[in-house]
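The first chain written gets the first letter, and so on, giving A, B, C and D; residue counts start at 1 in each chain.
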Amino acid sequence: MLNYPFLGVLLASLLFFSCNKEEAATRKTNSSDQPAATTKAKSDDVIRVGAVFAMTGPIATYGQESVNGINLALKKINAESIKGKRIELIVEDNKGEPAESANAVRKLIDIDKVDVILGAVASSNTLAGAPIAQNQKVPLITPASTNEKVTQTGDFISRTCFTDNFQGVVMAKFAASTLQKKNAAIIIDNASDYSKGLASVFKDEFKKLGGTIIDQNFTYTQKDTDFRSLLRRVKRANPDVIFLPGYYTEVGLMLKQAKQMGINTPFLGGDGWDSPKLQELAGPEGVKGNYISSHFSADDKDEKVQAFVKDYVDNFGAKPGAMAALGHDGMLVLADALKRAENFNAESIKMAINSTKGFVGVTGSITIDENRNARKSAVVLETKPSGMSFKQKVSP
Amino acid sequence: MSQVLKTDAITMQFGGLTAVDSLSLEINQNDLIGIIGPNGAGKTTAFNMITGHYLPTKGNVFLNNEKINGVRPAVITQKGIARTFQNIRLFKDLTVLDNIRIAAHSRCEYGFFDSIFRTKKFKDYERKIEEEAISLLSIFKMQGYSDHLAKNLPYGMQRRLEIARAMATKPSLLLLDEPAAGMNPNETIELTKLIRWIRDEFKLAILLIEHDMRLVMEVCEKIYVLDYGKTIAVGTPSEIQNNPKVIEAYLGSEGVENE
Amino acid sequence: MSEEFVFFLYDIATYLLNGITQGSIYALIALGYTMVYGIIKLINFAHGEFYMIGAFIGFYLITSGMPFVPALLIAMIGSGLVAVLIEWIVYRPIRSAGRISALITALGTSLFFQYAGQRVLGADPKAFPQAIKVKTYQIGEIYITNTQIIIFVSTILLMIFLWWLVNKTKIGKAMRATSFDMKAAQLMGINTNQIISFTFFVGAAFAGAAGVLVGLYYNTVEPMMGMIPGLKAFVAAVLGGIGIIPGAVIGGLVLGIAENLVVGLWVSTYRDAIAFAILILILLFKPAGILGENKKEKV
Amino acid sequence: MDYFLYLTQMCGIFMILAMGLNLINGLCGQFSLGHAGFWAVGAYTGAAFSVFTNLPLPGFIILLIACLLGFITAAIAGLIIGIPCLRLRGDYLAIATLGFGEIIRIIFMNMDSVGGPRGFTDIPKLSNLFWVYFFVVLSIIFCANLIRGGYGRAIISIREDEIAAESMGIQTFKYKTLAFCIGAGMAGLAGVLFAHTTQFISPNNFTFMWSVIILLMIILGGLGSISGAIIGAVILTLLPELLRLLGPTVSEWRMVIYSVLLILLMLAKPTGILGKKEITFSFGKKEKA
């Protein structure tokens, strides 16, 4: 059986240990001005970049595509050097889970001694890792997490994509100005912060531009498969445009059912629609004549974009999606910042990232604002049976 | 002598089957009473009604003049009825001592927090329980086995332990469900002595179900005979032995049991 | 009748239809759960993975140009064989070690297939080819597709086949005997190992069929697809009374219909919560499931 | 090394979770698959307390109050769930607890005040290695003392034979509920520590899979053994992380390796590493008569 003197000793030693650790932590922060060069003597010519993405698990597609984009960018970057240094990429899997993301970030910081971290895709994953990077003063750039909260964690956290709110503004403007619509219905995915966020911004902006919003609760939840009763209510309310910020799985089914029920009003959405699966799910009839805002279009005639698309197809045998483009640009913004940074300690890397201005990537011109969010253009795409086609670029 | 248990025409029906039909028992202090009957006569069902595992379809059970049907088995045990099982139900992976101590727990005097903080009250009571348990074990000739796991005991000893465990609840009525099942003749003779001794030593009433005729006839003072749920005879062993209905029930259906 | 009320009726009919379709899928998977449980008392958590494997076999066959029906049959046989192999390598050695150890082994197997699937087959959802052209029939405001009909009819046919197999054939008799008392069955000269393998085969084949049908219905397959339906099917099997074959079908249908109906008419945010709440409610009144006998443990 | 310190803390948190489940499953014999739900209740309660009240008190006092609240709310949740469910047996109980675990998670998913599906951010970092292991030691003492007293024996007797226990005067329902509530409470405590260690929680932290992993821990260590629960918690917390450290190839395949190891371990030691035995420190202990 257990014996108490032993447990007492154990407890006391732990107390001792943990006090020491706190001290060590303080010491570490005090000396953070000097790069932690002592701990990684051998790698003077290497800048270590950690990448936390879902390589397995339910959202592994996004993670894998992002990493593909990053690797493509890395190839270009390492072809020349950054002040005599090369970038070494260390990819960690987070299984798409918050807890695993936190583990991965810690591992990258402590074991691999990375200088910067890229990641993750899902906002809840990034939110789990961000406090750790902030506490340890390691800059973290998320190429794809659009939730407002992410960059509020602290000054070491920034993003190279736009935020949810911006998409709401873009689509409201598009609906009011380009499409000349006056009366909008909004359908919300109740289980998603993303959907709620976009919806509320769209509502405010559209009203500001003189439109009206139908005052009814049109909601559904992820994993729903039948939207006919919801759509019947929408149809009876008779809007001239429908804003549907959701993910492609449900949106696809909904578009298909809407067409079957004879709803010909255009639907508008966000980057959640942006997947080749949308065409399959909605069918050729269903996708026709709807518009979304997104980060990137493979149809964009821009030279840079076309070069990237070609490069990607050559390497991975498929057209790049938005995640690939975002990963690619995230890496390039980082490399650009590293070139501008005075030296390679965390503080100056952070400063360099946060002062990024007008960096032109395949997803547009990126400027990091005072809240460490990227101010950049969005593209409006028209959904067609053959895929998404580029409609217009909207600058902030 | 005071009455311990009375069942007032208890009946148990499972669907259309009447397992026990209007059984009326009366047991006084110091009685040693047997229930016999062919397989499926409803003996164990009667036990289950008395101990609260089944709620009688009709009729009432009184313990010390208090109605106890509908009361949970644990509470009935606390009120003074203890039992053993036909197919031994010991706490197999626990020690002999723990088996006894668990049975004593319903009389536990310390609270939950006493047990967590190991207060003096807890320690004193635990010591008392342990002493009681050990003396009980020595009564049942199991001293020296207290650290053995119940499942490792020889069969006859497991039966004895089950009785000892029942006694640890300090019952006023002890129900034994086929205590001699699976025992050899020598063990049965010893058991006969033990049962009688328990009754005399602890001044309680015993009700037993048994197939072994020799044991029943030797030990019981009054016998109830059940057949297809009905009470077909009540009387002293010699009356029962000569009762034509009983002979018919046994000889007519399956012959005298001779295990 | 007001217009509102007509729409309400249409809604209910639609939800019922969807519920039956989804419930049929649950039922097909639950059948395997319940058979395996009935025979060796193992909650085979890897069962959902046989469904995934079936879906993938179907996907590759149909993509390579095979017609639907032979692809379905081969997918059933394929996932059945995988299950037999798994039973032989993993479950058989642990069978005597008790239910809990077997349960963990099943979980390990489930994780293995999910993650190995992601590594080998790729994590991205794959578009299941349209092996059968989808036709939509419309009655008033009610829409029904031919895939829905196929799913429901296949489920019923497979269930009838299973009922026939278990109740009318020699091997079915042996299965029932093994399930009732494995040792006694062994003593009567039944090769129980063979019977158990066969049970795994049939159960997994049904799950494989469900996989192909779902591929047809939802148009996508991916390595993690077995997790949630596997869990729901387990719920369905328990709901119907685990170990009872018609119970699995009833459990599946009840779960599917209840989910769609309650969610459609009420709040969809709590979709899964409602499914579980219904389950718990039913269990509180019928502690052994809808068809399970409420027998008290024998004293 | 913050990473290893953090993993050590995680081990501690999972030890508490595993000991709690061991009480329900290993000692009382009630098959629960909803442990992650109680974990979530504790985590959200504790985090909500320290974030929303924002009391001007030293951090560790806030943490202690949060722990107490987390324990109590999770135990109450255990009571609410236990009273209807504990009448069910075996697999039926498992599925009902699984259901409740998911319901709890979905409720948090729908609570916008604690972040909804996005997760609960900005939780102060109040927990550290000391406090985690302080509670681990407390839990060990608690469990060890419990099983060596009458209440613990009553709980164990239910696992051994519920009918016999009832017949020996043990009010089985009461003791089942007791074990269930304490186990849930311990999960709640672990939740508070977890929230204040990771500083971020989201409903996806508390999926059904985690209930299963905690169950794995206690089965792997040896069902019913406190030291087994501890060993199981350590192994299953460290294993996936250690596989990360073995280089990129292993890292890519780590979940596959993990599952194969799990199966092999079960095949090699089907009753878990320790079975029902306890590792004990016999020095200074009086021999039992």
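Everything below uses one rule, namely that contacts are C-beta pairs under 8 Å (C-beta built on N, C-alpha and C of every residue); 3 or more make two chains touch, one makes a residue touch a chain.
Treat the numbers as computed from the prediction; the structure is a model and nothing was measured.
Visitor: Please work out which of B-D and A-C is bridged by more C-beta pairs in contact, and write that pair.
Guide: Of the two interfaces, B-D and A-C, more C-beta pairs touch across B-D.
Visitor: By Cα centroids, which chain is closest to the centre of the whole protein?
Guide: Central chain: D.
Visitor: Can you work out the whole-Å distance between the CA centroids of subunit B and subunit C?
Guide: For subunit B versus subunit C, the centre distance works out to 48 Å.
Visitor: List the centre-to-centre spacing of subunit B and subunit D in whole Å, with centres computed as mean CA coordinates.
Guide: Here subunit B and subunit D have centroids separated by 41 Å.
Visitor: Averaging over Cα atoms per chain, report the distance between subunit A and subunit C in Å.
Guide: Roughly 36 Å separates the two chain centres.
Visitor: Starting from the mean Cα coordinates of subunit A and subunit D, work out the distance between those two points in Å.
Guide: Averaging C-alpha atoms per chain gives centres 33 Å apart.
Visitor: Quick check on subunit A: which residues sit in contact with 2+ other chains?
Guide: 55-56, 190-191 - these are the residues of subunit A that touch more than one other chain.
Visitor: Identify all positions of subunit C at which a residue touches two or more other chains, and write them in rising order.
Guide: Those would be 115, 119, 269, 299.
Visitor: In subunit B, which residues are in touch with two or more of the other chains?
Guide: Residue numbers touching two or more other chains: 53, 85.
Visitor: If you look only at subunit A, which of its residues touch subunit C in the complex?
Guide: Result: residues 55-58, 60-61, 64, 190-191, 219-221, 223-226, 228-229, 232, 257, 260-261, 277, 280-281 of subunit A touch subunit C.
Visitor: Where on subunit D is subunit C touching in the complex?
Guide: 84-85, 87-89, 91-92, 94-96, 98-100, 102-103, 106-107, 109-110, 162-163, 208, 212, 215-216, 219-220, 223, 252-253, 255-256, 258-260, 262-263, 266-267, 270-272
Visitor: Where on subunit D is subunit A touching in the complex?
Guide: Going through subunit D, the ones touching subunit A are 1-7, 109-110, 116-119, 121-122, 125, 128-130, 133-134, 137, 140-141, 144, 148, 198-202, 204-205, 241, 244-245, 248, 251-252, 254-255, 278, 280-281, 283-285.
Visitor: Residue numbers of subunit C touching subunit A in their complex, please.
Guide: 7, 10-11, 14-15, 18, 22, 115, 118-119, 123-125, 127, 136, 138, 141, 143, 218-220, 224, 260, 263-264, 268-269, 271
Visitor: In their shared complex, at which residues does subunit C touch subunit D?
Guide: Contact set of subunit C toward subunit D: 37, 43, 90, 93-94, 97-98, 100-101, 103-105, 107-112, 114-116, 119, 231, 234-235, 238, 242, 269-270, 272-273, 276-277, 279-280, 283-284, 287-289, 297, 299.
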